[in-house]
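To keep things simple, chains are lettered A, B and C as they appear, and every chain counts its residues starting from 1.
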Amino acid sequence: MKGKLFYVGLILTFALSAVAHYMHLNATLQFVISAIAIIFVAGFLGKATESVAHYAGERMGGFLNATFGNAAELIIAIFLVKDGMFEVVKASLTGSIIGNLLLVLGLSIFAGGLKFKEQSFNVKLASHNSSLMILGVIALFIPAIFAGGLTTKETSSMSIIVAVLLVAAYLLWLLFSMVTHKEILSEEAIEHGEAPWSKSMSIMFLVLATVMVAFTSEWLVGTLEEVTHKFGLSELFVGAFLIAIIGNAAEHSAAVMMAMKNKMGAAVEIAIGSSLQIALFVAPVLIIASFFMGGTPMNIVFTTYELAAIGVAVFITKSITQDGSTNWYEGLLLLVVYIILGVVFFLV
Amino acid sequence: MKGKLFYVGLILTFALSAVAHYMHLNATLQFVISAIAIIFVAGFLGKATESVAHYAGERMGGFLNATFGNAAELIIAIFLVKDGMFEVVKASLTGSIIGNLLLVLGLSIFAGGLKFKEQSFNVKLASHNSSLMILGVIALFIPAIFAGGLTTKETSSMSIIVAVLLVAAYLLWLLFSMVTHKEILSEEAIEHGEAPWSKSMSIMFLVLATVMVAFTSEWLVGTLEEVTHKFGLSELFVGAFLIAIIGNAAEHSAAVMMAMKNKMGAAVEIAIGSSLQIALFVAPVLIIASFFMGGTPMNIVFTTYELAAIGVAVFITKSITQDGSTNWYEGLLLLVVYIILGVVFFLV
Amino acid sequence: MKGKLFYVGLILTFALSAVAHYMHLNATLQFVISAIAIIFVAGFLGKATESVAHYAGERMGGFLNATFGNAAELIIAIFLVKDGMFEVVKASLTGSIIGNLLLVLGLSIFAGGLKFKEQSFNVKLASHNSSLMILGVIALFIPAIFAGGLTTKETSSMSIIVAVLLVAAYLLWLLFSMVTHKEILSEEAIEHGEAPWSKSMSIMFLVLATVMVAFTSEWLVGTLEEVTHKFGLSELFVGAFLIAIIGNAAEHSAAVMMAMKNKMGAAVEIAIGSSLQIALFVAPVLIIASFFMGGTPMNIVFTTYELAAIGVAVFITKSITQDGSTNWYEGLLLLVVYIILGVVFFLV
C-alpha cells in the first residue's frame, strides 16, 4: 500500500463511493465501494497519525499512536451509536478484538513461521499484555453475569462506572508503559521510519483523513441494514466479521509484514495492542459518548456469543504467546479457531 | 498496631462494644463499635497465635499458623452458621477470598511498586499456590454446576464428600510444604521475630483472645440483619465486602507492610495463603460443622455471582503472579477488578 | 502384562466372554467378563500396533501410533454409534479425556513422586500440547454455547464442519511434530524396544487384534443398557467412568510404569497425547462416520456436565504441567479432582 498507487486508489475509491452514495446507486454496490474506500482512508489516517506522532516527540507520539491507532473504527462505531445500532457496534467491537487476536496474529505467526522455523519476542511484554487482556475480558464478563439481576437504570450506572474505570486503567497503562517502565516496551519497538510529510502537512492530512473516514463510515453504515437483510445475514455476523475485517485491514497488512521481516515482537504488539485499545479504550469511550448523545445510552452488556468468542480468543492467544516464541503451527491454531467462530456466527 | 496504644484500643473498643450490646443501644452504633472491636481482637488473636506457635517449635508452629491464621473469620462464620445465615456465610467466605487476592495483594503490590520499581519472589512457590487455588475454584464450581441436577439430599451428600476431600487435600498440603518439600517454602519465610510473652502467658492470651473474638463476633452478627435492612444493603454485599474487610484487617496491614519492606514473597504468601485457607479449610470445616449442629446443614453450592467473583479473582491473580515479579501497575489492575466487583455487588 | 501369562489371560478371557455372550448368560456376568477381556485385547492391539509401527519406519510408525493408539476406544465407540447410543459415546469420550488427564497422569505423577522428589520434562513439548488441548476444549465448548440458537440441521452442519477442521488440525499437528519440527518431540521419546514378532506376523496380529477388539466391544456394548438399569447407574456415569477406565487400561499401566522409571516426559506424553487424540481425532472421526451410517447423525454438542469436566481437567493439567516439573502433591491434586468429578457424576 505504498507509493503513488496508494494515493490513486485512495482518491478513486473515495470519489466513487461519494458518487455511489449521492446518486443513490444500488445498496450492495454502495456497500462494496465504500468498504473498499474505508480500507484506503483508514490506511491514510494511519499514515497521517504516525506522521504527526513523529513530530510530536517520542512520548506524545506514542500517546497519539496508542489512542488514535483505532480512530477509523472509533469513527465507524460512533456513526453506528448515533443511529442506535448498538448491537452492530458491540458485534463490531467483538469482531475487532477476535480479528486482531486470531486473524491478524494468526496470519502473522503463520506467514512468519513458513519463512522462519521459530520466531521469538520479549516475554515480559507479552506477559504484561496478557494481564491487561484479562482485565478487558473481566470487565466485559462481569457486567454480563450480573446484568440479569439489575434494572435498566442500574445497568446504565454499572456501564458508565465500569467504562470510566477502564479508561482510567488504560490511561495509567500508557503512563506505565511510556513513563515509569518504558524500557520494557523499548526492546523491540515498532519501526516508524521517516515522516513522509512536513509538520503542517501532516496535521492538515490528519484532519483531512479524519473527515474522509467520517464520510465513508457514514455512507457504509447507511447501507448496512439493507445489505444485511438482502443477503439474510445477521447483524452479529456482519458486525463481527465484515465490518471488523474492513476496519482493521491496515493493521492486518502491517502486522503480517513485520512478521515476515522476523520482527515478531512488533507484530504481536500491533495485534494485541490493537485489541487492548478496543477493549479498554474504544468500547468504554463509546459507552461514555452515548450518554452525551441523548436517547437510551448504550450499555456494556455483551451477548453470551460475543463473550464466548472474546474469551476463547484471549485464552488461546495467551496460551500461544506466553512462552515468547512462535511457529507456523501456532499461527494455524489461531486461524482454525477464527474459522470455527466464523462458521458458528454465520449459522446463528 | 504495635505497643501500648494497641492494647488501650483493644480494651477500650471491646468494653464499649460490650456496653453497646448489653444496653441495647442503636443497632448501627452497635455494629460500628463491634466492627472496630473485631479489628483489634482479631489482631490480638493473631499475635497470640504467633506467640504460641513460637514456643511450639518450627513444624508445629507452622501448622498452628496455617490452620488458625483465619481463626477470627472462622469464629464469626460459626456464629453466622448457628443463626442459619448461610447466605451471609458464603458471601463472607467469597469476600475473604477476593479481598485477600484483590484488595490485600493489590494494595501490597501497588504500595510496594510505588517504592520499588520491580519486586520479585520465588516463582516455584507462586506456581504451587496457583495450582492449589485452582483446586479450590474447581471444588466450588463443580458442585454449583451439578447442583441443578440433584435433590437437596444428594446436594448434602455431595457437599460433605467434597468438604472432606478438601480438608484432606489441605492437610496433605501442609505435609508437603512443611515436611516432604519444606525447602520450597523456606526461601522467603515470613518473619516472626521474638515471642512477646512467656509460654504460659501466650497460651492464656490465646484462650482470652479466642473468647473475645467469639463475643464480639456474636454482637456483630446480632445487629447484622437490622443494619442491612436499614441501609438497604443486600446480604451479599454486607457479607462479601463489609464483613470480609473487617475480618481480614490484620492480614491487610501485615501484607502491605511486608511489601513496603521489599519482602514481596511474604506479602504474596500472606494474601494467597490466606485465600487458600479460606477455600480449602475454613469453608469445608464450616460445612462439616453445620452437619453436627442439627437443622438443615449448609451446602457447598455458591451463587453464580460469588463464583464469578472468585473465578475472576483467581484468574487475574494467577496471571499477575506467575512470572514471579510485580510492579505498581499490576497492583492497580487487581484493585480495579476489586472496585468493579464492589460496584456490581452493591448494585445487585 | 508381559510374557506368557498375558497371552493365557488374553485367550482365556476372550473365550469366556464369547461363551458368556453366545450362551446368553446373566447380563452382569457378560459385562464383567467382556470388560476384563477388553483390557487384554486392547493391550494386544497396542502391542501389535507398535510392532507394525516398528517395521513401518520411524515416520510412518509414529503416524500409526498417533492415529491407532486409541483404536480400541474408537472401535467400542463405533459400535455405540451404530446402536444410536450417542449419549454414551460422548460420555465415554469425556471419560477418556478426563481419565487420561486426571487419573492416568495423576497416578503417574503421584507414584513417580513417591519415588523421586522432583521429576522434570521438556517444557516446550508440554506448552505445545497445552495449546492443542485448548483448541480441543474450544472446539467442544463453542458448538455447545451456540447450539441453543441453531436448528437441528444447522447443528449438524456445524458439527461436520468443526469435525473436519479438527481432523485437519490434527493431521497438520502430525506434520508439524513429525516432519517440520520433529526435534521438539525427539528429546524424550517413548521407548519402544525391539519388535516382538516378524513383519508378517505383526500385520497378521494387528488384523487379529482388531477383530478381537471388535467382537468384545460388541458383546460389552450389547449388555450395557441392561446393566445400567439394573444397578441404577446413569449412562453418563457408565460412559464417563466405567467404559473409559476399561478402554484406557493399557495407557494407564504404561504411563505409570514410565513415571516410576523417572521418564516423566514419556508419561506426560502418553496421557496428554492420548487425550488430544480423543478430542481432535477420535471424536471428530466418529461424527464424520455417523454421517455415512444413515439415520440421524451424531452432533458435536456435549452436555454442560461433560464440558465442565473436560474444562476443569484441562485447566488443572495445564496449570500443573506448565512449569515442566512435578511432585507427589501435584499428582494428588489431579486425583482429588478426578474423585470429585466421579462423585458428582455418580450422584447426577
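Criterion: a residue touches a chain if its C-beta (ideal position, glycine included) is under 8 Å from a C-beta of that chain, and two chains touch if they have at least 3 such contacts.
From a predicted model like this one, the values you see are computed outputs, not experimental measurements.
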For the copies chain A and chain C, the interface residues, called same if over half of the numbers are used by both and different if under half, are different
The C-alpha superposition of chain A onto chain B, two copies of one sequence, needs a rotation in degrees (nearest 5) of 120
Rounded to the nearest Å, the gap between Cα centres of chain A and chain C is 41
Residues of chain A that touch two or more other chains sit at none
Chain C partner, complex, touching residues on chain A are 117, 304-305, 308, 312, 315-316, 319-320, 322-323, 327-330, 332-333, 336-337, 339-341, 343-344, 347-348
Chain C residues touching chain A in their complex are 123-124, 127-128, 130-132, 134-135, 138-139, 141-143, 145-146, 149-150, 154, 157-158, 161-162, 165, 168-169, 172-173, 176, 180-181, 318
